[in-house]
Every structure is written in C-alpha cells, then in structure tokens.
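Both of the next two complexes hold subunit A, though its partner changes from subunit B to subunit C.
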Partner chain A sequence: MNLSFLILIPLLTLIGIMLVNGKTARVVAFVGSLLQLGLAIFLLFAYMHERGAGNVSSVLFEETHPWFSQWNINYHIGVDGISIAMILLTSVVLVGGVLVSWKMEYQSKEFFFLLVLLATGAFGFFISLDLFTQFFFFELAVVPKYLLISIWGSGKKEYAAMKLVLMLMGGSSLVLISILGVYYYSAVGGVGTFDLKKLGTIGFSHEIQMFLFPMMFVGFGVLSALFPFHTWAPDGHSSAPTAASMFLAGISMKLGGYGCLRVAMVLFPEAAHAYSPYIIILACIGILYGALVTVKQRDIKMMNAYSSVSHCGFVLLGMAMLTKTAIVGAVLQMVSHGVMTALFFAVIGMMYERTHTRMGDQMGGLLKVMPFIGTVFIIAGLTSLGLPGFSGFVAEMTVFVGSFQVQDLFHRSATIIATMSLVVTAVYILRAVGISLWGPIKNKEFELLPDATWNEKLASIILIASIILIGSMPFWISDLIAKTTETLFSAVIK
Partner chain B sequence: MSLLNYISMMRFEVFALGIIVLLLLVKIFSEKLNTSFILGFINVALVGLLVAGFIGHPHGNIFGRMFLNDGTIMLEKQIITFATLLIFLQANFWLKKQENCLEFCLLLFSVLIGMYFLVSSGNFLMFYLGLEMATIPLAALAAFDFGRMRSAEGAGKMILSSAFSSAILLFGLSLIYGTTGSLDFNEVRDAYSSSALQLFTLAFVFVGFAFKISIVPFHLWTADVYEGSPVAVTSFLSVVSKGASLFIFMTVLYRVFPMAQETWVHILVLLSAITMTIGNLFAMRQTNIKRFLAFSSITQAGYILIGVAATSSLSMASVIYFILIYTFSNICAFTVVSIISDRNGKEDIDDYKGLYKTNPLLSIAMMLAVFSLAGIPPTAGFFGKLFLLTSGASSGLIALIIIASLNMIVSLYYYLKIVKAMFVDKNESPIEKISIDISAKTVLIICFVGILAVGFISFVFEYIHSLSFGL
Partner chain C sequence: MQNFSYISLVLIIPIVVFAITGLFGKKFSAFSGILGTVGMLVAACLSYFAAYQYFIVGGRADGVYPTIIAFKQTWLQFSPNLSIDIGIMLDPISVMMLVVVTTVSLMVHFYSIGYLHGEERYATYYAFLSLFSFSMLGLVVATNIFQMYMFWELVGVSSFLLIGYYFEKPSAVAAAKKAFIVTRFADLGFLAGILVLSFYSESLDFQTIIHRMMDYNSPIFHNANTASFMGLSALTWALCLIFIGGAGKSAMFPLHIWLPDAMEGPTPVSALIHAATMVVAGVFLVARLFPVYSQVPIALDVVAYVGIFSAFFAAIIACTQTDIKRVLAFSTMSQIGYMMFSLGVAGGYWGEKGLGYSASMFHLFTHAMFKALLFLGAGAVIHYVHSNEMGDMGGLRKKMPITNIVFFIACLAISGVPPLSGFFSKEEILTAAFNHNKIIYAVGILTACLTAFYMFRLYFMIFWNKSSVSHHEGEGHHGEAPFTMKLPLIILGLATIVVGFIPFGKYISADGSILESEFHLNLAIIAVAAGLLGITIATAFYMKPSEMPAKISASIGSIYNSIHQKFFIDEIYLFVTKKIIFNLVSAPAAWFDKNIVDGMMNFISVVTENTSDGIKSFQSGKIADYVLWFFAGVILISLLIVFAF
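For the complex of A and B:
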C-alpha cells in the first residue's frame, strides 16, 4: 500500500476546501476525513496481513525519495505498530472534530481549512522516518492552532493562543537544536544524516547522548504537558473552540509523546536510562498535581484541560519505566486518552452551546433534558476514571503493571504515588457528573433545551465505539504495539 | 577578446546602461511623457535581461581582473534583476502618478549598474566604485517623496551614514594597499599574512560592510531611512541593496581573506548573535509597519550571517537560497504595504486591524510573507532558515544555533502580532476594499508561487549549490 496517500488525501481535501465556497466546505472536509479514516483502517488490516504473512522488518510500507540530496534529506516514510495506532487515533478524532463543528457559522471555510491543515501535519509527523521531514510536519501542526484559538476561541483566547504557540514553538526549537546536533554528530566525514533508521544504528557516544537527549525529550515533552512546561495546556484547551480542543488534547499532545518515545528514546537509549528517574519524578508530579488542581475547577472545560495534564503524565511515566509492558501501556494511554478527551471536549462543547455556561454548578439536572448528551458525558467520565470495559482502564492498568515490574523502592513508590491519582480522578469526575447531570434542573430555561443533533450523535458514537473497541477487546491493539516495542526498544528495555 | 565577448561578459551592465541612455534621450526629446509606456518598456526590458542571464555561462575576467564573472555572480545578478522587476511592478501604480517618474527610473537603473559592478568586482578599486555608484543615487531615491519631511530626513541620514561608512571602508582599503601593495583580490589574498596591521584593515573593511548590511551596532540608520523613504525605495533597500551587499561581503571574505578565517568567523558569530537579538527586541515594540519590517530585516541579516560564518559550499548555497526566498517574502510584504499606503496613506500596524474582512487577498499575502519570514512551514522561509541552521550545525557552530533558534521564538511573537491584527482583531473602521491594479496583482501571484513552491522544489537549491563554492 502506498503511504503517501495518507498525506495526499488531506492535501486534496485542503485544495477542495479552498475551491468551494461557504457551507460546502464542511461537506468536503467531512468526505475527506471519512476517506482518511477508511484509509487508516485499511492500513491497519494491510499491516496485520503483512505481519501475518511473516514480514518481520521493523518498518513496513517504506518509501524513500531523495529530496535535498546535498543535505542528505529524504522524503522517507513508513509505519510500524505505534504509528498505525497514532494514525487511527488522528483520523478518528478528525472525523469527530469535523462533525462536531458542523454548525460552525463564523468563517467556516477557514475553520475547516485550518483543522485539516493541522491533521495533515499530524499524519505527516506520524509516518515520517526522516527527522527533517518530521520536523516540517511537526511545525505544520503547531502554528495553525494560533489562528484556530484566537479567532474562534472563547474566554481570554488571545492570551491563551499566544502562550500556547510560543511555548510549543519553544519546545519545537529545542527539538530543532537537538536534531541539528544529531545531524552534526552523525557526520562521519562530510554530511550527516537525518534518517531515523540509519541514526538508530549509529550509536552515539555517552556524552553526546547525555547532551542531546534532555533537549529533545523536553522539547517534545512540552507538547505532552511535561511538568513544569504544562501551563499552556489548561489555558489553550479551555480557550479553544470545541474541535480545536479535541485536536489539541487528542492529537497534539500525542505528537509530543510519540516524539519522546519514538525519536528521543530510540536514538539515545543510554541517556534514556540515565535520565529516567528524573522523568519519573516530573511525571509523578504532573499526574498528582494535575489531578489535585482539577478538583478545584468549577469550569468543566477547565476541568478536562487539567485532567489532560494528569492523564498525559501516565504516558511519560510509562515510557520512563523502561519495561516493555509499561511502554506498551504508554502508547495505549496515548490512544485511549486521545479518544477519551476528544469525546469529553466534544460533549462539553455540546453542553456549552446549549446552556451557554461552562460552570458545572450552574447546570444541574441536564440528564433529564438531554439524555443522549448526558449519557455521553457519563461515558466519557467513566473512561477518564478508568472503569473496566472502557479504554482508560486497559491503558492505565498496563502502565501500572509495567511499572510494578521494576522492583526497587524508587520505582515502586513512584507507581504507588501515581495510582493515588486514580482516587482523585474519581472525585472530580463523579462530582462533575453529579452536579451537572443529576439533581433538579436549576435553571428553568434549561427545560426546553434540545438534545443532540444527528452530527453530534454521529461524532459521539464514532468516538464511543473506538473507546469500547479498545476497552473490551484490547488485544488487537496491544499486540500491534507490543511487537513494535520489542524490536524498537530492545536497547532500552531493562 | 572580441567586442562580442566583452558584451557577453558585461551583458547586464551594458543592458542597463543602454536603458539609461535611452531614458535620457526620451527625456531630452519628448515634450510630454507617457509614463505607462515607459514603465511597460522598462518591465519588458527587465524580463529580457532576466532571460539573457540564462544564455550561456560567461566565465572569466576582463580589464585585468577588475571585472569577474562566474556562475554565482550571474545568479546573484539575476536575483537582483528579478527583485528590481518585482519592485517596478509593485510600484507601478504609485510611479504612474509621479511627475518625475522618469528620474526615478534613471536613478534606480544607476543604482542597478552600481550593484552589478559591485557584485562582479575583482579588485577593491572596482568594488569601491560600484559601491558608491549604488549608494549615492539610492540616497536621492530615498528623498523622492518631496512633500514629506521624513523622506528628506531619511535621505539625509542615509547619505551621512553611507559617507561615514565609505570613509571607514576607504581607510581600510588604503591600509590594505599599504600592507600588500595591491588592490587585486587574488594578490591581496596571496600577500595576506595576518600581521597586526592587516588584521586592523580587516576590521575596517568589516565595519564598512556592517553599515551597508545594517548589522548591529551599525544599524541605527536603518529604521529611519526605511520609514521615511517611499515604499518602493524601502523594498529596494531591504531586498536588493541588502542582498547584493551580503553577497559581495561573503565573496570578499571567501576570496580575499581566507587566511584570516578564524578571526572573522569569531567576529561573525558574535555579530550574528547580537544582530538577531537586538533586531528582535526592537521589532517587538514597533507600531509602524515599515519600521517593523526594517527591524525584521535586521534580524534576517543576523540569520544570514550564520551561513556566512559556516564557510562551506553548502552554506554559501544556503545564503544565496535564503536571499532568494527573502526576496519573495519581503517583496510580498512590501507590496501589501505599498498598496495600502498608496491608497490611503495608512502605515501603522493598528490600521491593519480587521483587514481580512475587507481585503482577504491582501491579508493572506501578508500572512504568507510574514510566516515565510518567521520560517513557518509550508512556506519557503522554513527551508531557507533550516538550511542556514543546518549549515551552521555542520560547521559546529552549536552555540550560535541555539541563540538563533531561541530568537526564532521571539520573532514568531511579533510576526504573529501582524497576523493577529489582520485576522483576529475587530475594527470599526477597517481599511475599505481596495481594488488591486494588475501589476501589483502579478507581483503578489509571483510571490505566492515563490513562497509556496521554492521550498518544495529541490531543484532550486541544487542549481544554486552547483554554482557555489566554499572555503
């Protein structure tokens, strides 16, 4: 199968959106994203088929074209289990995002254009095997967020948008420096290389690894809300329009996680070992701090924004534990959190559109007026707190089991501290569900509110289906990830 | 060597001279000038010149190595010509209204000849001649808005600072002649021994150049001159003048002072870091769009110096490539500025608020230009900037690269402020809908294509690289 289609379809969608006018843009975006979802599912089956047929090479469907041969820059793409999981996640969230924004009135054409542009960046990022190309797509997935948030956002949107973009660009410039460092140190006489596969075999010296790894990890870590660089996340998520929040928390934060795992840890295994205790400490702080701050939030969108910080901490914790199970858990958590948070933001957006408030305590009794939206909210909440049967349980459980395999005091206590956040999660989720959905209807005007429309229903169903698909049948996806993890991280795993 | 060979070697110079003579004759003999005809003629002539540059590859030197020509020099001249063509197209609307349109063209072509000689020089005498020929008419051009005090003020500042820098440069050149006994590039290179006095000369030459390229701390004239001059002249200053000076700066360093490489690489690294940082810090606080672009161009010069300091053939290619891309992005930005300032004289960033509602095409053009300057993908600026950084990385200038990448975050802040003004901010009385004249539209389309395509098409970089050389 030709992987370039994964970039081509969004590109054609972009051109299509540019050509049509006004309302038709959403149809083009929808068709494009559905096609992309179809392609992603097809890719999954093609991948499993190849693997079933006994193809053991680490990366499948590889494609290399020289681009700037003077610099040794190639258009080099390919997929492994981890990137396929990410591609599936991205396409599901994209479809959901387009559907949720169906009723967008204000400059809808530009809105869909930017949304699909972001997705193009994400798809390109997940399939690139050349650091230069990857960095290109990485930045492509950052700057459109500024416009999305500052034009269509709410609250103190301009401040949030600027803060988000500057912090993410700060991260990306750290990544850039480390990429250039990799390029410099990989030169064996003449030009260096950006090729991830070749770089994986070079084996940098200990000093170089210790110098470059922190920059790259922190650079990508900013995106996945590594404490103390998480401050863009709550502001950005809560100010963004619904689809952009879904995309930000669902996919952009995963760009960071994927970069930390798939690039930084693969290139610098020794440094990953050396720095892993620090990452664990930061991740634990992020998990607990995020959870505790969430308890204080009255604004439910803000609540989910902070809880994203906490949940993404599990991703970092899982990778830093350096066991196979924990790394698989980290990837699972990326996928699970991506879908779950997208669903959460979507349903919060639906509630806000109807009640015009985001304060949980001003709602109340909403389950009676809009049963569908209420149920979706409950499902998202239960996934978030890790109820068995939903994806959150599978992911978090795998992370914990993997972490517990490391038997010294430090790792044990870190695991225990991290698990404590589950209780806190239960507190804020159940309370939010309680005040906003149950009880008497506080505001008389709310009694007439309509339930979800077809597009909102469809978006919710697609996202819930993915959650249940992972939650009740986790083996297909964890197998997919586990095999890749074994080959990729053989140097890292304890 | 036959006459034909001379003409082929000096085709740009002869062509430009021909146009000047022709314009003079027109001025003398015709009573009433048809400005649109003259401008049309000039545009066609420039396109012809551009095409003529691609025919054959004259390589060699004439007038006893006074005048050099090779692939890189031809390429740079083509970039200059191309940029001038774009500027003529951009200024078409404004020029047609000018009484002294012909004088403007005459002066601009004199500058152009100066630039051509400057780029081609193989001897410091020719170099100085070209530099002065390019500078003095430019100061006259800066004063072209007779009605505005600021224009005259800018021109005054420019002529004073140019004269000052020329004097310093000339002092350095005289020391070079004193210590090496020659002004020829090759002979100076061979006689250069890095004695204390000769290092001293290097410092003077450096300062002279630093003024022209507006490197910090010799940048103070830039903002005032950019703000005062007519937009067409400002874009010429920031694109053509800066590009040509940077190019000759690089070649002089590579051709004449390879012996002192260690010294000037250190100086360049330091100047580059200071230039981009100071440029950035000042750009943040500007409210006038022309001043803003002036400081942004200072920052860009700082980035370019990374490539100059890296001294490989790849880095030289990156510098020329960046200059080409910078030409597209800056001219695109200035075209928007010129269209708006022509119609209603608005030049403040605040005036751009809400522009997208009324003039979507102009806003998108400005956004693309600004993103390309900031180095955001998918614009060509991303590639230009990354190649400069990569060339720096290949030469091991890690500290400089770290400073440059941090500066890119800062610069994104103020570039986004422009985007925010146009797309996000509300304005009760935004600039009303402007009908863009056909020639300005052509420029915008060319720049669109340039900004979006030049990065992806690796052929452009390959072509430039095939002509470059390093130390």
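For the complex of A and C:
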C-alpha cells in the first residue's frame, strides 16, 4: 500500500476546509478524519498480512524520494509495529476531536484547519524515516497549538500558549542540534545522512553517543513531560479548547515518547544504557510526584492534565528499563494513555460547556442529571486508575512485569515506587467522581442541564470502544509491538 | 476425562446479562431483574451439575481429584515464560466456590426483585450485580495468578459501584471510596507479591508455580528460597505480600476499616459481596496457593496470627455496635478470621496436618449460607421498620414469623450449636487449632463464646426485648415481606440446617486424598459449651428489657467507649491520610510545582525579557546615539592602544 496517502488525505482535507464555508468545514474535517481512520485500520491489516506472509524486513511499505539531494535529505517513509500503533491512536483521537468540536461557533473554519494541520504533522512524524523530514513534521505539529490555545482557549490562555510553545521550541532546538550532530558525525568520508535506517547501523562511538543522547532525549522528553520540564503540560492542557487538549495530551505527548524511544534510543544504545538510571529516577519522580500533585487539584481539567504527567512517567520508566517487555509496555502506555486522556478531556469539556465551571466542588450530583456523560467520566476514570478490561491495566502491568525482570535493588525499588502511584491515582479519580458526579445536586440550575448530544455520544463511543478493544483483547496490539521491539531494540535490550 | 467446556457458560451468562441490562436496561427496567435472575438460575444449575459431575461421576484418579483445565487462552504475552492466560480451572475448591457464588448470587438476585422494587436505578443495580457475579466467578476459576488479580480488581470495582448505589447519600459516596482505596492499597501488596513470585518461579500459571515450588530439588525452588532480602527469603516475601492483598479483600486487621462502612450499600449487596463471596476471596487466595504457603512456616504463622487477632478483635467490637448491619459486618470479619487462622494452623500439606485447610473451606461454605441468610433476614427487618438501628426494633417475632425462625436458625448456626452447619465447620477449625497451637485454640474458644453472645444480643434485640414496636401500627403497613424475599430466606434456612452434614473432608483436603477427620468429643463439648455460655448471657441481658447492659457499659466507661468507637482505627487512618499525606506531602508538592519548578521556567523568561529590555537601547535607531557610541568606541580603543603598548 502507498503510505503517502496518510499525508495526502489530511492535506486534501486541509484544502477542502479552505474551500468551503464555515459551517461545512466541520463536515469536510469529519469525512477526512473518517477516511484517515479507515486508512489506518486498512494499514494495520495490510501490515499484518505482509508479516503473516513472511516479510521480515524491519520496516514495511517503504518509499524514498530525494528532497534536497545535495544534503542527502530524502522524503523517506515506512512503518513498523510501533508506528502503526501510533497512527491508529492519532486517527482515533482525530475523529474524536473533530466530533466534540462539532458545535464550535467561533471561527470554526480556522479551528478545524489548525486541528487537521496538527494531525498532519503527527502522521508525518510517525511515518518518517528521515530525521530531517521527521523534524519538519515535528515542528508542524507544535506551532498550530499556539494559535489553538491563544484563540480558542480559556483561562490564562495567552500565558499558557506562550509557555507551551516556548518550552516545546526549547526542546526542539535541542533535538535539532542533536540531529545536526548526527548528520555531521555520520559523514564518514563523504556526505552525512539523515536516514534512520542507515544511521541505526553506523554505531556511533561512545563519546559521541554520550554527548548527543542527552540532548535528543531531553529535547523529545520535554514533550513527553519529563520532570522537571513538565510544567507546560498542566497550563497548556487546561487552557486549551477541548479538542486541542485531546490532541495535546493524546498525541503531542506521544510524539515526544516516540522520539525518545524510536530515535534517541535506537541511535544511541550505549548511551541509553549509561543514562538509564537517571531517566528512571526522573520518571519515578514524575510518576509519584505528578500523582501527588494531582491529588491537590480542585479543577478537574487541571487534575487530568497533571495526571498525564504521572501517566507519561510510565512511558519513560518503561523505556528506560531496557527490557523487551518494559519497552512494549511503554508503547502500550502511549497508546492507552492517548485514548484515555482524549476521552477524559472530551468528557471534561462536555461538563464544562454545560456547567461553565471546571471546579469539581462546584459540581455535584451530575450523574443524575446527565447519566451518559457521567458514565463516560467514570469509564475514563476507571481506565486511568488501571482497571482490568480497559487499556490502562494492560499497559501498566506490562511495564511493571517488564521492569521487575531487571534483577537489582535499584530497578526493583523504582518499580515498587511506580506501583504506589496506583493508589494515589485511585484517590484522585474517585475523589473527582465522588465530588462532581455523586452526592446531592449542589446547584439547582444544574438540574435542567441536557445530556450528551449525538456528536458527543459518537465521539465517546468511538474512544471507549478503542479502550475496551485494547483492554479486553490486548494480544493483537501487544504482539504487533513486541515483534518490532525485538528487532528494533536488539542492541538496547539487556 | 469429562467434558466441562459448558462451564464457560457460567461466566458468559452474567457478562452478557451485564451488557444487556447495562446498555438497554433503562428501556425495560422491570424486565432486567427477571433477566438477571433467570440467567443466574441457569448458571447455578450448571454449577450444580458440574459439581455433581466432578465429585460424584468423575471421582478420583489415583486417589486425588484431578485438576481439570476446561478452557485456557493466552491473553497477554509478557515474555516467553510469563503470560496472562484466561482460563477455567476446576479443582475441588474452585468447584465448591462455583456452587457457593452462584447459589448466593441467585438468592440475592431473586430477593432483590422484591427488595428494590420501584427503585429508579433498578436496571443499573442488576447490571452491577451481574458484573460482580461475573468477576467473582472469573476469580474463583482462575488458572493464572494474574487472571485472579484482574478479576480481583473487577470485584473490587463492582463492590465500589454497588456500595455507591445510593450515590446521592454522601455517606455512601465516602464508604464506596474508602472500600476501593483501602483494598487497592492492599492490592499493591498482592501485585508486588505476584511480581516477586513470578520472577522466581518463572511463571504466572498456578499449576506451574505450585509444581515448581513443591519440587525441593529444582534450582528454581532453591533460588526462591535462598535469595534473601532483609533476612527473609524471596518466597517468604512473595507470600507475605500476597497475603496483604488477601487481608485487604478479606477485611483482616488492620485493613478491615472499609468493611463496616461498606454496609452503606443495599442490604442484598452486603449479603452477596460483603458476607458470602467477595470478602472470602482473601481466604480463597491463600487456599489456592496453599501448597506453596505450606513450604513457608513464617508465612503461615503470619496468616494464623492475623486471622486469630482479627477474629477476636472484631468479636469484641461487634458486642457494642447498635447498627444491625454493622454487627453483622464485624461478625463477618470475625468469621473470616476463623477461616484465615484455620489455614494458618494447617501446618502441613499432607494428611491429618491438612485438617485446617479442609476446615477452613468447610467454614467458608457453611458461613456463606448462614451469613447470607442473616443479611437477607436483616434486610427484611430493615425493609419492615425502615431503620438500621437496633433501638428502633424489638418484639418483631409475631409480625415477622418466618424471618424470626430463619434468623434464629442462622444465629444458632453461627454460634456453633449442633446439629446446624456452623457447629461442624467450627468444631473442625478448633480441632485443627488445638492440634497445632494451644494459644490460638484458647482465643478461638473465647471468640466462639463472644460470637454467640453478640449474635443473640442482636437476635433478642430485634425479635424480643420490647414487647412490641408500635410506630407502624395502624398505618396499613405492608406485610412481613413479599414472596420474592421470603423464598430465599427459606431456602437458605434449609441450607443452613443441611450443609453441615456434607462429609467435607472426603471432597476437599489439602493434598487431595480422603481426610478422615476424627471426631473429638471432648473438644466438641468445650466448643459447644462456649457457645451456650454466650447464648445464656445474651438471654439474661437482652431477652427482656433490662438495665444490666447499660450498667455494665457505664461501669467500664472509657474502655466501652473505645470499643464502641472501633478502637479509633478509623481515626488513625484519617489522621495519616488527611493530615500527613494530604497536607504534609501533597499540598507542599503542589506548591513546589507551582512555585519552584514552574517558577524556574518563568524565571528564565523574566531574565530573558529583562536582558532584552536592558540592551534594547543599543538598537534604538537614532543616528545620534550610534555616532555617540562610535566615538566612545574610538576613544576607548585609542586609550587602550596608547596605554597598553
């Protein structure tokens, strides 16, 4: 199959949105995102079919076109199990995001344009095999956020937008430096290369690895809420409009995780080993500290934003453990958290639109008034606290089991510390449920609030279905990721 | 080998009912109760048939009951050795549990038709009930320790949802949260234990784990027993950690605090979840891994002492409670304590030593029947008087004749009066304790006396004591209870009388061979005497209105008060969570994040901005300024040249 369709469809959608008037933009965006979702599912089956037919090359459906041939920059794309998981995630979140923004009144054409543009960047990022192209798409997925937050956001939106973009740009600049470093050092007697596949076989010297790895890892790590560079996340997530929060937490944070894993660790395996204890420490801080900070949040959107910091810690923890199982767990956690947090932000958005408050303690008894929205909130919460049957459990348990396979006290203590967050998560989730959905109805005006509309229901059902599909039948996706992990990280895995 | 594949239907039916009533229940609310009940009836019949086929038709192979894997499917592969499988394992204890769970669940389903008649969220209730039944059944047939953990969490969340069924009541909300969080905290132990155990045994499969850990010569067993951390072997750690999980679910001291509060849920739910099935999951877990536990005396001792302490501790508190359901909650905790220490005193795996194991399972079985009966009876009483407080009751024996009789039978059973079921199982437990540890035995006898006392205190205060409660007279009050509520009471009442005569040792024993338990007349007499003593005291105090109890409680004032306040354990927890975790950890962390970590980022931006402010006059665009700077530069350089060279 031709992978370029994955970029072509969003591009055509963008053109379509530009051509039509405001009201129709959402239809175009919806159709485009549905097509993209269909394509992503088709890609999954095509990939599985190819693998089933015995194709063992590390990436499938490769395509290369020269872009700037004098610097050896190519448009080089291809997919493996990990990127397919990410593409599926992105397309599901995109459909959900378009649906929940269905009633967007203000500047809706521009809104959908930026949303799809963001997705285009993400899709491009996940399929690129050329560092330069990948970086191009990476930036494409950062800049529209500034506009989305500062125009359609709420609260301290200018501050949050500025902070987010500056911090992410800071990360990008580190990534850029390290990419240039890679290019420069890969030039053995001639021109350097950005090609990830070739770079993977070069084997940089120990010193170079030790020098470039931290820059690249921290650069991508900023996006994945690596402690202490996570502070853009709570402000950014909570100020962004609903669909943008879904994207930000659901997809953008995964760009970071994917970059750390798929680029930094593959290119610099020795450095990954050397630095892994530090990453583990930071990840553990992120997990437990993030969870503890979450407990104190009154604002439920802020709560979910901070909980993303905690959950993304599992991604970093899993990859830094450097065992196959833990890395698979990290990828699973990216997918699981992406869908879960998108659902969570979607439902928080629905509650905010109706009650005009985000403070949990000003709500109360909402389950009685809006049973559908309340139930979705509870499902999102239970996924977040890792209930079996939902995706979070699968991912977290894979990380834990994988981490515990490393046989020394440091790694095991880290694992145990990470498991403690399970309790803290239960505390803040149940607190939010108890305070906002259960109990007596505090505000008489809330008694008349309407339940979810069709578009909100559809968005929730699609996201919940994905959560349950992973949570109740994890074998297919875990298998998909595990096979790639084995080949891709053979140099890294202990 | 017979075909047991139909057993999967026992799990499939409840989950399908859950899906149907959960998704479409609103539209045909009244139908959901019938659907749930019929589904559970089919599941129960299948379980009975399976038990018949397994114990009677199939029988023993080589002197032991075979372990049959009816179904097994890899669900999640972690590594070549470790995987989560979803499966159905049939062995004596899981078949027994299938019977217990489906029976009690069926009774509760049927009873709830009457009890919750007219409730707005009737369909939701049945959906949750089905979800619970599914999870509990999945737990007991688990082939894989991780499967058990998954269903373990699922029963926890069903319990959470059902306790919070009356979600508009703040106390129900708090109770639901507490139950979930406390058990989840305990589950951390379970999870850590699984991680340790699976690492050393290189498997998550129950049969494989047990097989490897029973093989003294294998390097795997050797490793697990020699790798040590803080003086204890890895295996000991694993088992103790797993036991923490079991203790949380089974409300053992000090993780019991959620159980009394869980009584906020509808009463039939308490009967099913918080008396008969879910709370014994911890006992079941230890029993499931008993062959491994029997290798580690320290772990068994922990089980025994925690069990006996909880049994005694809860019995004392139960004597002072005035809420009918809380008395029953503490009595549940106490009886589970019996089951636990019974496992703990089963010092060995083989033959007579395994008596405790068999006795524990026997007590689990009989307790499920009479405790479910007590709760459902209490439900009928609450339904009648619309209050949980024993003070509002009294003299109900004439108005609720059937409830009176079955409640009386259940009280006799739990007090260990022959020939009711509780007598047989309790007697076996005490015999096992006598053989192993005399201190535990003595406390066990004392607790038996207390049990009889508080149960009959409860019984007399509801059905006797005051001549008659008047506040419902002449209001055209509905009768004792609808038929749907009476029938389960009668069935469970009959079960309470009959099940004691099942020769349990023949079917369920630690090593699988026939356990010929001797009947020790002396020990039986002591146990029964203890029970009768308790009953006598309660009769003297509570059968007629009397001043004695009040006088006694007044004379030991502060002691009575601290017992009544459940030894302030809740307050200690509240202090730790609210004061220490919330205010001393969480709040400073939030402050630190806002001001220090984020402050650093803001500081960088402020510095950048100030720097830029400071140097922007260099780029003012005024020619005069530039000329000035130019000449200043020329002068500076000239001076440098002049003085330096």
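In the analysis below, the second predicted complex is superposed on the first by the 494 of 494 C-alpha atoms of A that agree within 3 Å, B and C clash if a C-alpha of one lies under 4 Å from a C-alpha of the other, contacts with A are read in each partner's own complex, and residues count from 1 in each chain.
Methods note: a contact is a pair of C-beta atoms (placed from the backbone, for glycine too) under 8 Å apart; a residue touches a chain by one contact, two chains touch by 3 or more.
In this text, all values refer to a predicted model and were calculated from it rather than measured experimentally.
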Regarding the shared-chain residue A:158, is it in contact with subunit B (first), subunit C (second), both, or neither?
-> first
After lining up the shared chain so the two structures overlap, which partner does A:252 touch, if you call subunit B first and subunit C second: first, second, both or neither?
-> neither
Tell me which partner A:176 touches in the superposition: subunit B (first), subunit C (second), both or neither.
-> first
Using the superposition on chain A described above, determine whether A:150 touches subunit B (first), subunit C (second), both, or neither.
-> first
Give one of first, second, both or neither to describe whether A:387 is in contact with subunit B, with subunit C, with both, or with none.
-> second
Determine, under the contact definition given at the top, whether A:187 touches first (subunit B), second (subunit C), both, or neither.
-> first
Please work out whether A:166 is in contact with subunit B alone, subunit C alone, both, or neither, and reply first, second, both or neither.
-> both
Subunit A: partner with more touched residues, subunit B or subunit C = C
Could you look at A:108 and tell me whether it touches subunit B, subunit C, both or neither (first, second, both, neither)?
-> neither
Doubly contacted subunit A residues - partners subunit C and subunit B = 166
If you look only at subunit B, which of its residues touch subunit A in the complex?
-> 314, 317, 371, 376-378, 382, 386-387, 389-390, 392-394, 396, 398, 401-402, 405-406, 408-409, 412-413, 416, 419-420, 423-424, 458, 461-462, 465
Tell me, which parts of subunit C touch subunit A in their complex?
-> 74-79, 82, 84, 146, 149-151, 153-154, 157, 160, 164, 167-168, 170, 173-174, 176-177, 180-181, 184-185, 187-188, 191-192, 195-196, 198-199, 581-582, 585-587, 589-590, 593, 597-598, 600-601, 605
How about subunit A: which of its residues touch subunit B in the complex?
-> 66-71, 132, 135-137, 139-140, 143, 146-147, 150-151, 158, 162, 165-166, 169-170, 173-174, 176-177, 180-181, 183-184, 187, 191-192
Mind listing the subunit A positions that touch subunit C in their complex?
-> 163, 166-167, 227-228, 230-232, 289, 292-293, 295-297, 324-325, 365, 367-368, 382, 385-389, 393-394, 397-398, 400-402, 404-405, 407, 415-416, 419-420, 422-423, 426-427, 430-431, 434, 437-440, 473-475, 478-479, 482
